[in-house]
Amino acid sequence: MFRHMTREIRFLAKDRGALFWLLLAFTLSVIAVSFGVTEVREQRETIAALIKEDASDRANALKGQEEWGSAAYYAFHFTYAPPSDFAFAAMGQRDSSPWKHRIRMLALEGQIHEADTRNANFGLVGRFDFAFLIASVAPLLLILLLYDLRAAERTSRRHDLLVATAGYSLAIWFPRAFVRIAALTILLLLPLWSAALIEGTSLTITLQASGIAMAALLIWWIIVEWVNRIDASPSILLTSLIGLWLALAIIVPAISKAVIETNNPVPDGGEILLLQRETVNGAWDLPKDATMKPFIAQHPELRDYAKIDGPWAWKWYYAFQQVGDQKVAPLAQQYRKARLERDRQADLAAFLSPTSFAERAFEKLAGTDTRAMIVYEDAVRGFHSELRAFYYPLMFPEAQYNPALLNNLPNYVPPS
Amino acid sequence: MAIPLEARSLSLLRAGNSVLDDVSFTINAGEIFALLGGNGAGKSSTLLTFLGFLEPSNGDVLVNGSSVRNDIAAARSAIAYLPESASLYGHMTAYENLSYFLDLAGKPANREDIDAALDKVALAEEARTRRLQSYSKGMRQKTAIALALLRETPILLLDEPTSGLDPVAIDEFHDLVKALANNGQTILMVTHDVYGACQIADRVGLLRGGKLVGSFSAENGERIDTETVHAAFAERETA
Amino acid sequence: MNAITRIAREEWRLWMRSKIVIVAALIVAVLLIVTSVLTADRITAEQSQRLDQQIAAEKTFFSQPDRHPHRMVHYGHYAFRPPPPLAMFEPGVDAVTGQSIFLEGHRQNTAMFADNKAAADLGGFSALTPANLYQLLLPLLLIVLGNALFLRERESGTLAVMLAQGQTGVKLALGKAVALLMVIAIFMTPLIAIAIYSVNLGESMLAASALVAGYSVYLCIWGAIALAASIIIKQRAVSLGFLIFAWLFTAMIVPRFAINTSSAVIYAPGKIESDLIMLAEQRKLGDGHNAADPAFQQLQAQVLEQYGVEKIEDLPINWRGVVASNSEAELTQLLNRYSEERMTLEAKQSHMFDLFGLGSPSIAISSLSRTLAGTDLATHHRFLRESEALRFDFVQSLNKVHVERLSYADDINRNVDAASSMRARVNSDAWQVLDAFRFAPDSPQQRLGNAGLSLTILAIWLFMVGGVILLAAKRVKL
C-alpha cells in the first residue's frame, strides 16, 4: 500500500490542476482561521475593556447614593459569555444572539432580550469561519478534486491501460483519491492546528474537531466515489455532483429549517415584551396589595416587610418589577423551551445533511451553539436573582444605607 | 507448458447486440497472431475480454491456461497492453510516464532500464526529458511500446498499433515486434491493416461481424500471401 | 440573422435532448415557484399583521386611564416596520434586525426579537428566498447549460465545418448567446410575476421594473461568463471546473470575505460599549427625574428670571416638567449623536461591502435587490431614525402636558398619600398627543438612486464580460 501511496504522491505533485485546488483550500483555511482568531481577540478585548469601564461606571453611579433602592436603580452590571478557546473556528450563534448585557435590578425580561446591534448585513451574509469552510466549501473543493479522477482518464483513453497495468482497479483509484483527500484534509487542518496551538485549545477538542472534519470529508468522498462509478462524461458527473452538493448543503437544510420552525412556533417576542411592560406599568395604578401578594408568594421570608404605606416606596417599585417578570415567566419559559426544542430537532435533522452536521458539531465544540447561548442567558438570570437576593434583605427591612456593604455585591461569573 | 492465450467458443453480448459469436483460437508462445477485421468486427472487444474488462457471455478466455474470470489481476500481470493511439500523460516526460506506469505495475525500473528500452524503440534522447504533449504521434507510440517492453510480460496485446504512423515508423515497429516474438513473447495484435498483418504475423484470423471467418498461416518460412488475404477480406466485406 | 437563430435553435434542440439539462431546469423551476409562493404568502401575512399591531399599539396608548404624564412617558409605545411589497421577493435584513421597537422616555431601544435568534440552526445558509435562488441557483443552471456552448462545436469538429462555410466566430457566439438569453427570459418569469403582484399591492412600477432589469443584467452576466469560458477554454471538464470555481468564489467566498474585511477595517463598537461611554457623558447632563440635581441650577436661574419670580414654587408652570422636558431634549441630542455615529459606521461598512461587488456580481445584485425592495440596512436605519423622531415627539408632548397641566405643588406632593397621588394626574384626553406612525419605504426614485453604485457595478461586469466574449469570438480559430 505504501508503494501505491508514494507513487500517487509523486503523481499528484505534477498535477497542476489538483495542486491549484489544494493551494486554494490551504489559502482559504488560513484566511478563515485568521479571521476567526482576530475576531475572538477583538471580543476578548471588548470584554476586558467593558469589565473595566463597567466597574468604574458602577462606582461612579453608586457614589452619593443614599438609599438601597436608588443604588440598585443606577448600578448596572456587565454580564458576558467569553468566547471559548475554540470559538475562532466557529462563531456560530454568537453572531445572532447577544453575548453581553448590562443589567440592573429592574425587571429582567425588559433587559435580556435586547440585542447588542451589529451591522445587519453581517448576520445576513454570514461569516467566513472554519466551520463554514469545512462544512460548505471543502465538499465543493473535494468534488472538484475527485470528479474526473476516472472520467478524465476515460476521455483521454487511458483508463483501460491504467487498470490493465495496475492489475485491479482499486490499486489505482483508491490511492489516487486517498492521496488527494489526505492532502486536502491536511492542508485544511494545518491552519486550524496552528491556531489551536496559539489559542491554547485543548488537545481533546482539537482532535475532536479534526475527527469531525475528516468524517465530513469522508462522507463526501463516499458520495463522490459512488457517483463516479457511473460511466459518464466528466461534465455530467460534475453536474450531478454539484446538484447533490446543492441538495445536501443548501436545500435539505433550508427545508428542514422551515419544517422545524413551522412545527415549533416560538411565542412572538413582542408579546413577551408587551405583557411585561403592561404588567410593570399597570402596577402603578393598582392597589399596592395586588403587587405585594404575588410578590410575597415568591418571597414568604419578606412577609413581615411587605406592608406599603403611602403611594411610593422603593421596595414596592422593585416588587412590581419582579411581578412583571413572574407574569411573563410562562411565556419566557415557552420561548426558551421552543428554542431548545428547535435545536433538538435540528440535531436530528442534521443527520440528513453532512453540511449541517459538521457545522453544528463545530459550534458545539466551540460553545457557540444555541444551547451555549441559552446557558449564558441562564447565567444572566442567575446573576439577576443573586442581585435580588443581595438587595431584598437590605431593602425590605429598610436597613440603614451603608455603602460599605455594596462591596459585597454579587460578582458575575461567566458560564464555563 | 500452458498455452499463453486461448479463446474457447467466446461469445460476447453488449447491450443486447452480439459482438463476438463463438470465436475460438489459441496462440502459442513466441507466436504473432493478427486478428484482422473491419470497423466494428469485434477486434478490440476481443482484447478487452482477455484483459478482463469485458466478461464473456458464453465460452471462455484463458491466459496461461487459466480462465481470466478466475483471477483477473493474474491475467493482467502477464499481459502488456498497448491500446489504440496509446495516450500516456501529456504533462509528464517520457521518463516520468514510464516510471509512473512501471510503479503502477509493481515493477519499478531505474533510469538505465528505461533508457535501454527507449533506445530499443529508437526514441531520440533529447526528447526523453520533454513532456509528452510536445511529441508526435509516432513518438508517443514509441514511448508506449517502451512501456510494454519494460513490463517484460510473456504476452503482448496490441490494438491497432500502427494506425497513424508513417511508413518508416511502421517498419521500425514491425522489426521490433518480430524481435520480441523471437525472444519468446506471445503477441496478439488486432488491426485492419491487411498488409501489415501479413508482414509480421505467423497467423492471421479474419473477423467479420463477430465471427472468425477465416484463418491464414505462414508456411515453409514464407510470409502469408497478402493478395489472398486481401481478396478474402474484400469479398467478405462486400458480401 | 437567420444563421444566428438557426444556431440558437440547434442549441435548444440539444438541451431538450439532454436528460441532465431537463432535470436541472425542472428542479430549479419547481424550487423557484414553491419558494416564491411560500415567501409571498408569509410576507403578505406579516405585512397585515404588523399594520394591525401598529394600530393596536396606538389604540392601547389612547385608552390609558388618567395618570401622571411622566408615567405615560415610561409606559411607552411601539413602532412596527411592515415589510414592503417587494420583501416577498427579497426579505433582506428583516430576519436579522427584528421589526418592532419599544419606544420610551430617556432610552433608545434596539429593534427586538430578530427571527434569527430563535431560528433552528442548520448551517451557514439563511433560509431560501426567491432572491437567494436567483442569486445562487440560477447562475449554476446557466453554468450547466452554458459551459460547453462553444466548446462542443470544437470538440465534435463542427466548428471547423462552420468556419469553413464562412460563418464567423462572432456570429456563432451570438447564436449561442441568443439561445442562453431565451433561457434567461424563461426563468425571469417568476420574478416578473412577483413584480406584477407587488405592483398590485402598491409597489411602484419603477422599483419593480428596476428590480426585474437588475436581475436580468445579473443573469446575463453569468450567461456571458459561461459563454466566454466555453469559447476560451478548450476542454469541457476544465471549462465546467473553472465556472464552478468562479461561482464558488463569487457567490460564497467573496461575500463572506467582504463581510469579515469590512468589519475588521471599520470598527463599529457594539451598543453596550458606546452606551458606557455615553453614560459617563449623560451623568454630566443630570437626571431628569431629579429636579434638585445640581446640573439644573443654571436652567433654574434662567427660568426664574424669565418669569420674574424668586422661587420655583411661584412659577406658573411645573418646574419638574420643565426639567424633564429639558433633560429629555439634551439626552436625546446625546443619544442621537451616538446612534448617528454608529449608523454612519455601519453605513460605511456597508459601502465598503458594496465595493466588493467589483469582485463579485453576487454582492452587487444582492445589494441592489435589497435596496430596490426597501429591505436594506439604510431603510432599517431610516426606520430607527423615524421611530426615534416619533419617540422624541410623544415624550416631549407628554412633558409639555406635564409642564402645563399639572401643578408643581400637586406634583411634588404626589407621594404623600393616596389622595395626593390622585391629584397628581391629568385627564386621559391628553394622551391624544401621539401621532399615527406608518412606516413606508423610500420613494422609488430615491431607492433607484441608492442602488446606483450596485447598478453601475453590474453594468461594468456585463460590459467587461461582453467585451471578453467579443474579443475571444473574433479570434476563434481551430
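Chains: A, B and C, in written order; residue numbering restarts at 1 for each.
Basically, contacts are C-beta pairs under 8 Å (C-beta built on N, C-alpha and C of every residue); 3 or more make two chains touch, one makes a residue touch a chain.
From a predicted model like this one, the values you see are computed outputs, not experimental measurements.
Taking each chain's centre as the mean of its CA atoms, B is the chain most distant from subunit A. The greatest number of inter-chain C-beta pairs in contact is found between A-C. Taking the mean of the C-alpha atoms as each chain's centre, subunit A and subunit C sit 24 Å apart. If you average the Cα atoms of subunit A and of subunit B, the two centres end up 63 Å apart. Chain centres here are Cα means. That of subunit B falls 69 Å from that of subunit C. Of all the residues in subunit B, the ones that touch subunit A in their complex are 48, 51, 53, 72-73, 76-77, 79, 81, 83-89, 91-92, 96, 100-101, 103-106, 147, 151. Those residues of subunit C whose C-beta lies close enough to touch subunit A in the complex are 20, 24, 27, 31, 38, 53, 65, 67, 71, 74-76, 78, 92-93, 95-98, 100, 102, 109-114, 116-128, 136-137, 140, 144, 147-148, 236-238, 240-241, 244-245, 248, 252-253, 255-260, 263-264, 268-273, 275-277, 279-280, 283, 342, 346, 349-350, 353, 366, 377, 380, 414-418, 420-421. The residues of subunit A lying in touch with subunit C in their complex are 17, 28, 31, 35, 38-39, 46, 49-50, 53-54, 57, 60-61, 76, 78, 92-93, 96-97, 100-102, 113-128, 131-132, 135-137, 140, 144, 147-148, 151-152, 155, 233-236, 238-240, 242-243, 246, 249-251, 253-258, 260-261, 264, 266, 268-270, 272-274, 277, 281, 284-285, 310-312, 335, 338-339, 342-343, 345-346, 349-350, 353, 355-356, 359-360, 363, 369-370.
Those residues of subunit A whose C-beta lies close enough to touch subunit B in the complex are 3, 7, 10-11, 14-16, 156-158, 160-168, 171-172.
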